[in-house]
């Protein structure tokens, strides 16, 4: 399975008055993390988008286990768990990078769209790259 | 079942370069919507928090169906779907308020914490208010 | 002078761990407010953008006077203070809508761009509408 | 003068439908940058806050020169330009880290507050550290 790890530091702007990271920001972190994973198989999401491909989030879920706090170093371990001709499923484990405490797990399903927002098959080269990793049905 | 409806207008800041609302903002909308629902049973989340209660998001999931766009009027229909002594489950349907097109559905599970972030039972008056609505086991 | 007023309620997501609204969000509120003002002279920014016009923020400044807090009702009084062939200057007073306490003042300078991000003169109909209000040099 | 440099990569969530970074996010970047600068003189803002000190933004201004785009590497050069017993003024230059193109300049004035949000003098050790750098009147 393809996987990658991403580190970032919690921004003050990401905290809320409960003194912890506001829950919606974890989805932003997941997006940063899967962009990193996509880079590992030789593609940049920026380039894919420039070529007319879009990966839109079709489903997202997060389970929150322990709070993240301002200035914490966060580690996101990402795995490409499934690929079909039109979708990619990513799983995430979000940890405190110093203590290794598990803060959250998440899953997102991405769907391949063209510039008119129609569902299309993933680009051939992306499928070939994934196939070379033993993933997908390309 | 307790339910409520909330309307808001999409902010420019909520769009991304795909020309649609960035997916994490739906969780912000859900939070606004459940605050409105909580108001309908005579409580303000602000007051609950001032009394030392916190409702932390323990789980969140969103299924995205159609994109929301800048300046769209959005309607969020919220339902309190389940209550235990320590948790509340809210379900949301997010619609375009003008066309009634369904844009997304979501569910969040909230857990009751005290000021030290320990899990505690929901305050007695909240449970009584819910019980009066035929919800929960208070 | 053209002016308008906008009301909104502080979102939980807009607070930070200092227990007040994080300072960058005031610029989002200003954007909502000037969109409302633009609507008062018969234009929708959404329509202007659909016609290829963009108003990009060239300068922004905020003076913070007193904190805004979660669930506060906020009132933003907006004034179009100056217009040239290519720019519009908006001034804002941000108040607590209940107490009328002044929370912040702000100013933004917007510049007219075409779809290629080149500076262009404001559309003729916008300038005529402003001129009818005694503003600008159209 | 004290100065520091910070690098970050533009997040997808920071773009808007104009295809560029939404203007309010620059203030978030400035906050990250001045936290880094504060670290250079031996303090962590997190620790300062834990000791009861708050640095609240009293004034902020940004001049936008060229757009930042998704996935761009951004460099923020920060300088502590002025210190009084109760305030610190930071100046920022925001650049594309690859092309060195200047994207924006910004200035923020921070004011020292205690936990009750009252204006107080900066902590003695912070003033001593600044004085050792030839800054301020400690």
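Per-chain residue numbering starts at 1, and chain names A, B, C and D are given in the order in which the chains are listed.
In the analysis below, contacts are C-beta pairs under 8 Å (C-beta built on N, C-alpha and C of every residue); 3 or more make two chains touch, one makes a residue touch a chain.
Bear in mind the structure is a predicted one, so any value in this text is a computation, not a measurement.
Set against the C-alpha centre of subunit B, every other chain centre is closer than that of D. Contact count check for A-B and A-D (C-beta pairs in contact): higher for A-B.
Work out the mean CA point of subunit B and of subunit D, and you get 34 Å between them.
Distance from the subunit A centre to the subunit B centre is 24 Å, each centre being the mean of its Cα atoms. Computed from the mean C-alpha positions, the centre of subunit A lies at a distance of 29 Å from the centre of subunit D. In subunit A, the residues that reach two or more other chains under the touch definition are 12-13, 18, 24, 28, 70. The part of subunit C that touches subunit D in the complex is made up of residues 18, 23-25, 27-28, 54, 56-64, 67, 117.
Here subunit B touches subunit C in the complex through residues 11-13, 28, 31-32, 35, 44-46, 49, 70-71, going by the rule given at the top. Subunit C contributes residues 12-13, 15-20, 22, 24, 70 to its touches with subunit A in the complex.
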